[in-house]
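Listed after this line are the structures, all set down as structure tokens.
Shared between the two complexes below is chain A, which has chain B as its partner in the first and chain C in the second.
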Partner chain A sequence: MEKPVIATASLAGCFGCHMSLLDIDERILDLIELVDFNKSPINDIKEFARECDIGLIEGGCCLDENVHVLKDFRNHCRILVSVGECAIMGGLPAMRNGISVRECLEEAYLNGPSVRNYNENKILPNDEELPVLLNRVYPCHEVVKIDYFLPGCPPDADLLWRALTALLNNRKMDLPYEVFKFD
Partner chain B sequence: MADLNNFTIDGLKCLAREGTSIIDAARQNDQFIPTLCNLEGVPPKGACRVCTVRVNGKLMTACTAKISQGMEIENQTEELNEMRKSIVEMLFVEGNHFCPSCEKSGECELQALAYRFEMTVPRYPYFYPKRNIDASHPRIVKDHNRCILCKRCVRAIKDEKGRSIFAFLDRGFETRIYLDPDLAGQLTEERARKAVEVCPVGAIMPRGEGFKTPIGRRKYDRHPIGSDM
Partner chain C sequence: MEESISSILDRYNHDVYRLMDILIDVQSDQGFIGDQAIARIAEDLGISKADVEQTRSFYHFFSKKPTGKYSIYLNTSVNACMMGRDAVARTFEVEAGIPFNSVTRDGLIGLFDTSCIGMSDQEPAAIINGKIFPNLTPFRVKELIRDIRAGKSMEELVVEGYGDGQNSNPDIRAVVSNNIRKIGPVLDPDYKPGEVIRKKLPAMTPQQVIDEMKRSNIRGRGGAGFPTGMKWEICRKTESDEKYIICNADEGEPGTFKDRVILTERPKLLLEGMVVAAYAIGARQGILYIRHEYKYLKIYLEKLIEGAHKRNLMGKNIAGIEGFDFDVRIQFGAGSYVCGEESALIESAEGKRGEPRDKPPFPVEKGYLDKPTVVNNVETFCSAVKVLLNGADWYRSFGTTDSTGTKVLSISGDCRYPGVYEVEWGFSVNDICGMAGADDVIAVQVGGPSGSLVGPSDFDRILCYADLSTGGSLIIFNHTRDLLQDVVLNFTSFFIEESCGSCSTCRIMPVILRNKLLKILNARGAKSDISEMLEWAAILKASRCGLGQTAANPIITSIQNFRHLYDQKVRGEVRYDSGFDLTQATQEAIAATGRYTAVD
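Up next, the complex of A and B:
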């Protein structure tokens, strides 16, 4: 029988959720037995080579490119899961949501104490290769339909393991209180 | 014993003095009714509606309604907990609750209720309102992003003449908590501590201190709010 296929992505996240997935200790050997990985930074597969069963999304949408990747995941994954606070509610990147993009860029590249004296030509990054900042950070479920949400910053490795094995075995998720956290 | 009333909570026989609020009566009978704005010993406000119960079939806030003989109270029902959960969700989207960077995380009653109700994501869209942090007072920092306008601070923190040191400023969506400029000086170390304590969320924090208790040992890390009853 073919193994279920998992894909993962980090949008506006810090890779903490991916690290937490790797933090399942020796169960990672079981995971490799249980599933195949497709598009994911873990194996560096950059484009979807096939349809996937489960897509794990870390991070919210902060750039136009995040939206593109997220839609690509929705199109290729049967089940899509928002993993972690950033995917669920924007997380710390969304602290900029009350501030205009211009003000953010000016603080980061012109006025901040670490750049103030070094950006002599007052240049804001403007190469057309660069992704564009969205007006604010969007939770993933405000962009595409998301099927499950796993909270935490990052979600506890046990929570991820339980949720994944439940999904793979078509069981109801049983998420114990001690690992169901927002921080 | 004439002033003792019999009543039931979820079918359980209970006893309390006539005139006790339902929420206090429940506490005395070891029954947990969730709340965010109620504080034992402080006049109730009925602000958050989280303590809503069904009394003889009618919805009421357990903090403002009083017990009477023969009352039948529904508390831990799916319907009520679902309504309570939806209130908690509204509070999460209405402010800016970045739990991972909040000093109150693990000890916050709003978060603890979200855990208890297994809120993974609010059903409502996030507002991301623009709100400020006020660090002008020498003893406390007020973070308006996290305030749920429960008025606990207004009701519980008074000067020696009984005047509230905290007050509400403006109306509607603009409402925010503020320190009466004439009374701000009366926020002594002790009163400041108490303000931090009574605030159910991380909207009033002590200056120069935070993240004191390690993760795993905070109040709600291991046991849900209300599990001590």
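Up next, the complex of A and C:
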């Protein structure tokens, strides 16, 4: 039988969730036995080469590019999973949600102490190559349908392992309290 | 300013539990409650500024900034919108030259939205400096703003003459109409108030009063329907040096206005009921908690209480009963629906934010100032008097087995005769519509937003505690109404506005539900949205009080009874649509950075 295929992406996140995935230690060898990876920063495959079974999304959407990537994942993955606080609720990046985009940009490029005296022409970056900020940071499920949510910041390696193996083996997820507690 | 605040503080004996009254007086005296006033009050009462600030910020009619020499609060309720609020609101904005929720630059006029003000039978209505202006039209609005600009006094603004009955009493002088359409045994005008206190009470022990109440099977008229006799008995049996009677006249459920009419036309009966209850449980102090919107009745009611003292129906050794002392004070709210919940009402009467308490303990054990307290609805007290006057058997001869007696209904919406009707329990929705002259009915909201929206298939259901329970509000809708847009959306917004914010469920879920509803109304809805709304609404049951627990009722009952309206609006072939709009989401950044603009 063909191995199930996994794809992963980090949107507006810190890669911490991906680190946590690597944190399953030597079980990663088991995982590679079980699955193939397609588009993912782990193997640096940039474009979907095939349809995937599971997509793992870290981070929410703060740019138009995030939205395109997320929609691409939805189109290519049978099951899409929000992994971690940022994908589920917006996380730290969403702290800007109470502040207008203009104010954010002005603080970052005009008024912040590190740029105040260096941006003589008062330019807010506007090259067409640059992605565009969204009006606020959106959790993934506000953009596309998400099938599962794995909480944590980052989610515990055991949580990821248990969830993934359950999905791969078509079992009910067994997620005891220990893999959810964060203190 | 310093002087006036001092005299206000003196008026309430520098009592921290009277913070509501102090703030109400400062607000009406100065037009706002500024930081200086807060600091002064905090220092005087020996509490922190944050304590004063949190009470101030809780209530709709307290304001940190001046609200204009003429503060106009226009009702946003379903009834107001049905009767042409939009045109009235736009005219206010055009004539005053400002959008709602702002004040003109010269500080003359302030325009504000406000939740249902208890005038559903004469909408659209506004409160201007405490005075009610019902039945507004764009023409009338132009007149009002012109007269305000011409410097006319509040009295001179009134051109429609005063309302019927006591509304034209010199102590009230309101343009409000009673619209009493049907009088039953409880509101019977032939009764001479005081008779029960004078003739019945001296011959009965408190326990006998409670027994009679229990035998009558009377249940609370506010909506929850708790057996009144039992409530009184538990309170009587709870040992304490002080006990309190509170009358809940904070009717804020949109579509309800019967207490307004009782307070206007039968206030003596109500006060007598409070005295009866005080006798039964052994209370010496009572509070009549009235919503801020009815403040125009203040002087009238205060004089009645004074009069009761003179006639020995209140005060010391009432009706010659040795040691039976009882006095009532009036407590006004300051604009908060959740204060209709009894424990929130108690918090508010203690001068705090009107946030519901955790229960148990219930107020009958730990209520006002942590003493055993009976909180009953206006109508319950009135009915109690009649139970004692004519006996429990007489009372039980009205209504059904589980719902004895009568109910005063507030009927509004699409009918020829909106108003107040006292009917026996046990009528069907159809009967009620017939009675009110409504012959084109597609839906009736029974029990206000926290009740249910029922359709024709339920019109033969019976009004009683066992079937369609109601605190008295019935709003009728005809075929011209878009139930989702005009009714469900309005009610859901109402709950969002009125949530106290204490429980995260009630603070957040109604917003999420409204967004989903808007998505459906904006033709972005998918089938899954309907089932998700039902699924997610269930979490509201975890809220602390009735407001939170029922905040999704407009959505739940409309999905249950009018599913086809939702099905028509969602796109059948789409299984899922998050409603996300990339163009809209990027607009702000594109504008800020000036991208995609012509390059020269």
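Operating definition for what follows: the second predicted complex is superposed on the first by the 180 of 183 C-alpha atoms of A that agree within 3 Å, B and C clash if a C-alpha of one lies under 4 Å from a C-alpha of the other, contacts with A are read in each partner's own complex, and residues count from 1 in each chain.
What we mean here is this: a residue touches a chain if its C-beta (ideal position, glycine included) is under 8 Å from a C-beta of that chain, and two chains touch if they have at least 3 such contacts.
Please read all numbers here as calculations on a predicted model, not as lab measurements.
After superposition on chain A, the partners chain B and chain C collide with one another. In the superposition on chain A, the chain among chain B and chain C reaching more residues of chain A is B.
When the two complexes are overlaid on their common chain A, residue A:124 makes contact with chain C while staying clear of chain B. Of the two partner chains, chain B is the only one touched by A:89; chain C is not. When the shared chain is aligned, chain B comes close enough to touch A:178, but chain C does not. When both complexes are overlaid on chain A, the residue A:15 reaches neither chain B nor chain C.
In the overlay built on the shared chain, the residue A:98 is in contact with chain B alone; chain C does not reach it.
Looking at the shared chain after the overlay, A:132 reaches chain C, while chain B stays out of its contact range. Stretch 44-52 is the one among 8-16, 26-34, 44-52 or 296-304 where chain C clashes with chain B after the superposition on chain A. Residues 136, 141-142 of chain A touch chain B in one complex and chain C in the other.
Only residues 576, 578-580, 582, 584-596 of chain C touch chain A when the two sit together in their complex. Interface of chain A with chain B (complex): residues 82, 85, 88-92, 94-95, 97-99, 136, 139, 141-142, 148-151, 153, 175, 177-178, 180-183.
By the touch criterion stated above, chain B contacts chain A in their complex at residues 92, 96-102, 105-106, 111, 114-115, 118, 120-121, 125-126, 128-131, 215, 221-224.
Contacts from chain A toward chain C in the complex involve residues 64, 67, 100-102, 105, 124-126, 128, 132-136, 138, 141-145.
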